[in-house]
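The block underneath contains the structure these notes are about, expressed in C-alpha cells.
As written, the chain order gives the labels A, B, C, D and E, with residue 1 at the start of each chain.
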Amino acid sequence: MMAISEMVHAAAASGPAATAVLLAPMLAPLVAASAAVLVGWRRAVSWSAVAASVVILVSGVLAAVATADGSVLTVGGTLRADALTAVMLLVIGVVAVIATWSGVSYIDQELAAGHTDGRGARRYGVLVPMFLTAMVLAVLASNLGVMWAAIEATTIVTAFLVGHRGGRQAVEATWKYVMICSVGIALAYLGTVLVYYASQHAGIGEQGSLDWSVLVANADQLDPGVMRVAVPLLVLGFGTKAGLMPMHSWLPDAHSQAPAPVSALMSGVLLSVAVYALLRYRVVAVAALDLQFVRSLILVVALASVALAASMLLAQRDYKRLLAYSSIEHMGLVMIGVAVGTPLAVTALLLHILGHGLAKAVLFCASGQILASEGTTQISGVRGLLARQPVLAGTFALGVAALLGLPPFSIFVSELALARAAADAGLAWAVAVALVLLLVVFVAVAGHTAGMLFGGDAAGQRPPHTPPHTPSLPRVAAAPLVTGLIALAVLGVVAWPLEQLLDAASAIAGTS
Amino acid sequence: MTDTGYVQILDLVCGGILLTAVLMLWRRELAAIVRLLVVQGVLLALLAALMGVRESSTELFVVAAGVLVLKAIVLPAVLRRVLRDSGEAREAEPLVNVTASLLAAALLTLLAYGLSRPLVALAPSPTTRALPVGLAVVLLGFFVLVTRRRALSQVVGFLLLDNGITATAFLATAGVPLVVELGVSLDVLLVVLVMQVLAARMRLSFGRTDLDGLRELRD
Amino acid sequence: MSLIGAGLGVIAWGAIAGVTLGALAPSRARALVAGVLTSVVGAGGVLAGLAALGGQGWSLTVTDLLPLGAMTLAVDALSGAFLLLVGAVAVAVGVYSVGYTGPGGRHGAEPDATSGDTTALAGPSSEPGAAGHAEGAASRTAQSALPLFVAAMLLVPAAASVSTLLVLWELMALTSLVLVLAEHRLRASVRDAGLWYAGMTHAGLVAIMLGLVVFAAGAGGESFTALRAGSGDLSPGTRSLVFVLIFIGFGSKAGMVPLHVWLPRAHSEAPSHVSALMSAAMVSLGLYGLIRVGFDLLGGGPHWWGLLVLTVGGLSALYGVLQASVAVDLKRLLAYSTTENVGLMLIGVGAAGMFAADGNRILAGVLMAAAVLHAVNHAAFKTLLFLGAGSVLRATGLRDLDLLGGLARRMPVTTALFAVGALGAAALPPGNGFVSEWVLLQGLIHSVTATGSPSVVAALSIPLAVGVVALTAGLGMVTFVKAFGVGFLARPRSTVAAAASESPLTMRAGMFLAAAACAGLALAPATAGAPLTRLLRVLPSVRDGAPLADSGIALRLAGIAGSMSPLLIALGLLVAGASVAALARRVAQGRPRRVAQAWGSGGARLDPRMEYTATSFAEPLTRVFDDVLRPEHDIDVTPYVESRYLIESVRFRQRVPDRLEARLYPPLLAAATRWGQWSRRLANGSVHRYLAYGFVGLLSVLIVVGISG
Amino acid sequence: MSVLRKIIRTGRVAESAPQAPPASADAEGADRSGPEPVAPLSGSVQLRHVDAGSCNGCELEIASAFGPVYDAERYGLRLVASPRHADALLVTGPVTRNMADPLRKTYEATPAPRRVVAVGDCALNCGVFAGGHGVEGAVADVIPVDVEVPGCPPTPDVLIAALRGLTGR
Amino acid sequence: MTASGLTAGALAATAGQLALVVGGAPLLVGLMRQVRARLEGRAGAGVGQPWRDLRKLLGKEAIRPDGSSWVFTMAPLLLLASTLVITAVAPFLSTVSPVEGVADLFAVVSLLMLGTVALALAGLDTGTAFGGMGASRAVTVAALAEPTILLAVFALSARVGSSNLADIVESTLTTPAQVLSPASLLAAVAFAVVIIAEAGRLPVDNPATHLELTMIHEAMVLEYAGRDLAMIELASAMRLTVLLGLGANLFMPWGIATTVAPLPLLGAAVVFAVKLGVLGAGLAVFEVFVAKWRLFRVPELLAGSFLFGLLAVSASFFLA
C-alpha cells in the first residue's frame, strides 16, 4: 500500500500517472462499449464490462491514496480529482463491479427466458459502460458546466436501458424518466448559467469561469442576489436527478422497470452523483450566501423527500418500487447531511452514499433474481422465500437489514453520525422529524419484507402464474451479492481504510 | 451599430421571442406550433448574432449559426416527422383551457419580471434588462409541459423551456463557454431524438400519443 | 492485562469463533459448538463483571473500529453488575442450549394444535418431524447468532461512548431479532412477533438516539467522559428532554407499560433459551441504560423525574402481573411477569430518584440497590423459569397450561427446578425474589422517618407504591401457584403431557446452574453488600450510600433500621420441617401412605377434564379485575335440529386480550394505513401531475426567494 | 342485637347427657352388636354420612341428633365433608343399584381404622324396599357393617347411644 | 442486643412461646367452638376436643391420591414448618429473642403466604375439581389480603422507623398513646379484616361447612387423612393463634416481658394466654352474628380494608 502511495505521489499531481488514473476510468468502459458494438453480447463482452468497472474501482483506490492527504490530481484544465472525487470514484467503482458482475448472469437469464433478444442484449452491453463513463466524467469534470452536461448525458444513455424490456410500461417509464429529468436538469442548467453570470461579475476575470476551484476561491465575491435565484434552481434541478421532492416522481417508475443491474447503478450511483454536484455547489453557495438560507432550503427538500418516501412505503405493493422509494428516503437523509454541511456531516453523508450504493446494488440485483424466480414484482406474490431460496432470501434480508440501518452494516454508523452532526449544528428538531419518519419507514419496509421472506414453504399459497422456481441461486449471481454485503459490513465496523480519505473529502466540502 | 439601434433591435428580438412563446400557448394546431418554434429559433439565432456584433466575437457568430441550424431547422424537422407519423393535428383539450392559460402566462411573466430584479441589479445594461424575457419563456415552457396532453406538445414545451434558457444565457452572459454550449446542444438534440423514438413506440403500444394513457405505473 | 480486559477479550474472540464455527460446523456438532461457545462468552462476562465489582476499573479506545467515531469501552462497577448478570445467564443458557437445540423433542410443533379443540386429550397426533426442528433454533443462522447476541449484550454495559453504545445496542437488537425469528417456518405467529419486536425496538432506538445526540450536542462530545463533564452545561429543559427520551427508549427495551407489547409476543415465540436470554438479560439492560444515562451521565435530576419513573414502574408492575395472573400460555405468562418485575425495578429507581432529588442519599442508595438487586434476582429466576418452560415445550410441544399437568412425576428434575424459580418469582421466602422485594419495601417504608417531613407528593406516592408492590407480590404469588400447580402437578390434561419424559442432561445442568444462582442469591444476599456499595459510588446523586451492611448471615441495611436473615429463615424452615417430618415418621411407625384413587364424591371415574385448568384457576381474579381486564367470552350453543331447547353441545371460550395494547396500537396502525392509502394518490401515474409537482415547487421557491430577497 | 337477645333468652337447650352406655366398659353387652371402640378413635369420631337410597326419614333424625337438643357433638362426634377425614360412615337407606359403587368407593376412600354404621331398618334389611328392582341389597351386602342402628327411623337418642359406643364418651 | 440474644433465658423464652403456641393453639380452637356451641344453646364438645381429634388422626392411616406427587406429601410439612418459624420469631412472650433480626414483619407476612401457597399447591396436586377450586380461591383471597396486611405493617412500622417486630412492640410500650393514634386504629381495623381472611373465618370462609362449593380452606384439604391431616389441622390452629397473637401484641403489647427473667416470662405467658382467649372468644361471638359472604363479595371486604390500610399510612405521614 505504501509503495503505491509513493509511486502515485512520485508522479506529479498532474503528471502522466495522474493522467492515467483519471483517464483510465473513462476510457475503459468505452472500450467495453465498443466491444459490445462490434461483437454483440458474449460472455467475454459481459466480463469486459466487469473489467471496466474494476478499472474504475482501481483508479478510485489510486486516486484515494493520492488525494487522501488533501492533494489534487489534474489533467489539463478539464479533469480534476480531489479526495471528494476519489470517494465518488470509489462509490461508482464498487457499485459498478457488483452491478456488472451480477449483470453477467442477469442478461443470460433474460435471454433464456425470452424477455430480450440479441439486439436488446447488445444495446445493454453498449449502454451500460457508456452510462459508467458519463458518471465518471461527471465526478471528474473540473468545470461545473461539463459536469452538468455529463449528468444530462446519463439521462440519455439510460433512457433505453430503462425501457430495456419493451412494452407499454417500459415506454411509459422511459417517457416519464426522460421528460421529468430533462426538465429538471434544464432548470439546473439555468442555475448554472446564472452562477456563470455571477462569476463574470465577481472579479474572476473578463470571461468568468465555471471552474469549481476558481469559483470556490472567489465565492465570497459572487453576487448574493443572483445566487439566491441560482441556488434554488440548482437544488431543484440536480435534486431531480437525485430523486428529491418535488421532482422525484420519475424514480419509482424508472427503477421498477429498468433491468436489475441498471436499477442498481441508477439507485446506487446516479442519485449520488447528482448529490455530489449539489455538494460541490453547496460550498460555493454557502460562501456566497448566508448559511441559514442554504440550510433551510436544502433541509426542506430533504425532509420533504424523507416524508414522502415514508408515506409511499406504508402502502407499497411492489418490492422494486419499495426499493425505489427507499432510495428517495436515503437521498433525503444524505441531503440532511448536505444541509448541515459540517465536516462530520459530510464525512457521514459520503459514507452513507457508499453504504447506500452497496446496499441498493445488492438489493436490486437480488430483487432481479426474485423476479426471475417468482415471476412477479408484487409483494403479496412472494411468500416464504427464506424457506425455499435460503441464499437469495438471506442476501435480500441482510440487504434490507442494512438498508434499515442495522449494524454491523455501515448505514447505521453513517445515520448515527448524521444525527450527531445535525444535533451539533442545532438542528435537533430536524433529527427528531427524520428519526420518526425513519421509524415509519422501518415499520413499513420490515412489514412488507417480512411477508415476503418468512413463513413456511406453503406450496398451496403460491399464485398459479409463478413459474417453477429455480432450485437455488447460481453461484455467479450469488457471489457479487455476498461480496457486497461483506464489504458493507466491513465498512460499518472498521474505520481504517476510509477514515483519512473521508476526512480529507469533508475538509473540501464541509463548512463549519 | 448605434447603441439606440442595438437596443431597439434587441428589444424587438426579445419581444418576438416572448410573443412566439405566448402564441404557442394560444394555438392548438400542432403544425402551427412547430412553425412558431421555427420562428423562435430564428429569433434566437438573431439574438446570438446581435450579441456577436455587440461583443465583436466570431465565436458568437459560430454559435448563432449553430443555433439556427439546430433550433430552426433540425429540431422542427424532427417534430414534423413525429407530427406526420402520428397524424394527430390538434392539441384538442389542454388540461387548462386557453383563456386560463393566457391569464397564467401573464402572471408567470410578471413573476419573471419580479425575479429578475436582482439579476438586472448586478449589471444594469440594456441587455440584462431584457433578462425577464428569457425567464418568462422558461416558465411558459414549463407551463406547457404541465398542461398539454399530446406527447408532441410536451416536447414543444421542453424546447420552449430550453429556448428560454438559451435566451437567458445570451442576455446574461453572452453565452456560456463553447464546450458547455456544445454539450448542451448535443444533449438537447439527443433528448428530442429519444423522445421521437419514444413517441413512435408509444403509438405502437398505445395506438395514440395522448399522455393520459401513460398511467399504468402508479402506486 | 487486567482481568476485565481478559474477560472482554474472551467475549470478543468467543463471539467471533461462535459465528464462524456456528456457521461452519456440521449440523451434528452445531448445537454443542454454539452452546459451549455461548457459555464461554458468558464466562468471559462473569469474569469481567466479578473483577469490576471487585473494584477494578478498565477502559479502552480503538480508533480503527467503528467509522466516524471510535470504539470506546470502559468498565466500572455499574457495568460490572450487568456484565455479571448477563454473563451468568449466558453460561446457564449456553449449557442448556446444547440439549435444547440438539436432536429430539417436540418443540418444533405447532403449539396450539389442540387448544381450540374441545377434546383436550387428543393432542398432536403426529410426531413433529426432526426436520422442522433443525430448521428452527438449530439452524445454522440461529446457532451462529446465539454467541453473537450474548457478546453484544455483554458489551453494551461496557460501551463508553454514544456511538459505541448505540452500535452495540442495535447489534443486540438485530441478533435477538434473528433468534426470535428462528422458528418462522413453523408458526405464522413468529413473523408477527418478530415484526412487533422489530418495530418496538426500533421505536426505542429512535428515542434513545435522539436523546443521546441531543445530550452529546449539548455536552460537546460523545464519549461518556465528555457527557459526564458537560451534563452541567445543559439547560434544565434539555436535561429533562434527554431524560424523558432515554427513559422511553430504554423503557421500551425493558418492557415497561405501555411499550411492553412486543414482550409477550417475542418471548413466547422465540426458542426458549433465547426467551431466557431476552427476558432475563436483555431486558435488564434497559434498566442499565436508564441508570447509566439518567443517574450517572446526567447525574440525577429534579423530583419529577423520579416520580415519572415511579409512576410508570407502578403501572407496569400492576398491569404486568395482572396479565400474567390470567395468562394461560406459560411463556406468555413469564413474559408478562417480566413486565411486572421491570416495574418493580423502576419503582426502586424512581423512588431513588425522588429521594436523591430531596437530598436523602441514604434512602436513595438503598432503593437503587434494591432495583439492581432485583434485576439480578429476576435474571436468576427468570432464566430458570424460561428454561423450565423450554423443557416442558420440548417434552410436550405445549405452552398451553390448560393442556399440561402431571409433569412432576414424569419430569421430576425439571419440576423441582421450576419450583425453585417459581418460589423466587412469587417473592416468597426463602426464594431470591423475596430478598430484593424486601429491600425495596424497606427503602419505601423508611421514607417517613428518614425524610422528616415528606413532601405531599412523596406522602401520596410512597404509600401507593407500597400498596402496588404488595398487590404485585400477592398477584405474583397467584401467578406462580397457577403456573407451577396447573402446569406441573396433578394428572396430565392431554396425551402429550402424559407421554412427557425428562429432558437431556445438558438441559438439566443449565437449569441447575440457574437454580444454584437463585439459591445463592436467596441465602447469601449480604455478600452483595460491598459490590453494591461500589456500584453506587458510580452514581453521583446516590454516591454516599452503603446499602447493605455486610454482616455475615443477616441482611442489614446501612443507615436505616432493618434486618432480616434469609439464611436463618431457610434454616429454620428446614429444621422445623425436618423435625416435624421425623416426628411424623415416628408416629407413623413405618406405615406407608396408602395410594388411593382421588376422592371423586363417589363418582365413577376422574377425567382430566374435571381438573381445574389455568383458566378456571384464574377465574376469580378475572372477575375481581373485570374492569381492567375485560375478558372476552364466546359461547357457542349448538342445539339439536329437532328442537332449539335440546342442546347438543355448549362451547365456552374466554380470551383475555391485552387491553392496553388494544386501546393504543390498533388506532395507531389504522392511522398509518390510512395515511399510506391516502398518499398512494400522490403517485397516480400522470406525468402532468408529476411535472406539476415540480412546477409548483419551482414557483413557490422562486416566490419565496423573490419576497424574502 | 335481636340475635343477642334471642341467645340470652333461649339459654342452653341441650338436654343433659344421658348416662354413658356401659358398652365401652362392659364386655358382656349382649344386646349390642358392633365392635369395641377402637383406641385411636376414643373421644373423637368424625362421620361421613352416605345416603345410599334413603327415604330421608333417617336423615331428619340424624340432623336432629346433631341439633342443639341432643347435641351429638358433645360426645366428640362430628359430621365431615370428606371420607378422608372420616372415621366412620353413617349409611342410611337400602343400597340402590346406582349407589352401590359410590358406597364402595367411599368405603375405600376412608382411612383405616374405619367403621361402618348402618342406620335404620332399610340399611339393615332393605325394609319395605326389599326386593325392589332398583335395590341392590342391604348395606352389609355391599360393605362390612360394624354397628347397626335399627328403627324406621331410629330416634336420635338411639342413634347417639350407638355412636357413643364408637367414641367411648 | 445480639449479645444478650443468645442467653439461656432468651432461648427459654423462644422455647416457651413455641410450646405455648403449639400446645395452646388447638385449645384456642376448642375454646372458640365451645363459645359458639354455648351461644347456640348447645353443650359443646369441650375445649380439649381438638387435641382429641389430633391424637386420633395421628393414629390413623395416611392416604395419598393416585397421580399426586411429592408436593402433596411435602405441603403439610412446609405449612407446619413455616408456622413454627413464625411462632419462633414473633415477640409473644418477650421482646428479647435469640432470633432477633432474623425476620421482620414483612418476612412474617411472607411466611404466612408461603404456608398458603404450600396448601394451595397441594390442593392442585390432588387433581380434583374441589382441590383446584379451593386453591384458586385461597390464593385469590390471600393475594388480595397481602396488600392490606403490608400496608398495615407499613403504617405500624413507619412511625417506629423499623419493621422489626420487637422494635414496634417496644415502641408501643414506651409510648402507649400511639395506640390511640388514627394511624394505629385504622391499621388495627385493616389488620383485623386480614386476620379473618387469612385464618379462613367467617364471613370469608366457613370452617365448619360441609358443602364443597362454598369451601375455601376445606376444599384444599379434602384429600388429606391421618397424620397429614393432623399436621394441617394443627398448623391451621397455630396460624390463627399466631395471627391473633400478632394482632394482640402489636396493638396491645402490655404484659409482654422486656427481659428474659423467669418471672416476667411466666407472667407474660399468662397474660398472652388470657389475651388470646379473650380475642378468640370475641371472634367466636362475632362469627355467630355473621353469615358467610358470597365469594365475590370478599374482594369488597378486602378492598375496604385496603382503604383502611392506605388511610392508616397516609395518616402516619400527615399526622405523624
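Methods note: contacts are C-beta pairs under 8 Å (C-beta built on N, C-alpha and C of every residue); 3 or more make two chains touch, one makes a residue touch a chain.
Keep in mind the model is a prediction, meaning the values are calculated, not measured.
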item: Contact-graph separation of chain A and chain C, given in steps at minimum; value: 1
item: Where chain A and chain E overlap in contact partners, by chain label; value: C
item: Any chain that touches chain D and chain B; value: C
item: Central chain of the complex, centres being mean CA coordinates; value: C
item: From chain E, the most remote chain by mean C-alpha position; value: B
item: Pair exhibiting more inter-chain C-beta contacts, A-B or D-E; value: A-B
item: Furthest chain, CA centroid comparison against chain C; value: B
item: Where chain A and chain D are represented by their mean Cα positions, the distance between them in whole Å; value: 98
item: Centroid distance [mean C-alpha coordinates] between chain C and chain B, Å; value: 68
item: Chain centre separation (chain C, chain E; CA means) in Å; value: 35
item: Computed distance of Cα centres, chain E from chain B, in Å; value: 100
item: Junction residues of chain B, two or more chains touched; value: 115, 117-118, 142, 145, 154, 211, 214-217, 219
item: Where chain C touches two or more other chains at once, by residue number; value: 594, 596-597, 599-601, 679-680, 682-683, 685, 687, 691, 694, 698, 702, 705, 709
item: Chain D residues counted as touching two or more neighbouring chains; value: 82, 84, 109, 111
item: Every chain pair meeting the contact rule; value: A-B, A-C, B-C, C-D, C-E, D-E
item: Parts of chain D lying in touch with chain C, wherever the complex brings them together; value: 50, 82-84, 99, 101-103, 105-106, 108-109, 111
item: Residues on chain C engaged by chain D in the complex (per definition of touch); value: 594, 596-597, 599-604
item: For the chain B and chain A complex, residues of the former touching the latter; value: 115, 117-119, 121-123, 138, 142, 145, 151, 154, 158, 161-162, 164-165, 168-169, 172-173, 176-177, 179-180, 183-184, 186-187, 190-191, 194-195, 198, 201-202, 205-206, 211, 214-217, 219
item: Chain C to chain E touching residues, read off their complex; value: 325, 405-406, 408-409, 412, 415, 426-429, 434, 438, 441-442, 444-446, 448-450, 454, 459-460, 462-464, 466-467, 469-471, 473-475, 477-478, 481-482, 484-486, 489-491, 554, 556, 560-565, 568-569, 572-574, 576-577, 580-581, 584, 587-588, 591, 593-601, 606, 608, 610-612, 616-621, 623-624
item: In the complex, chain C residues that touch chain B; value: 679-680, 682-688, 691-692, 694-695, 698-699, 702-703, 705-706, 709
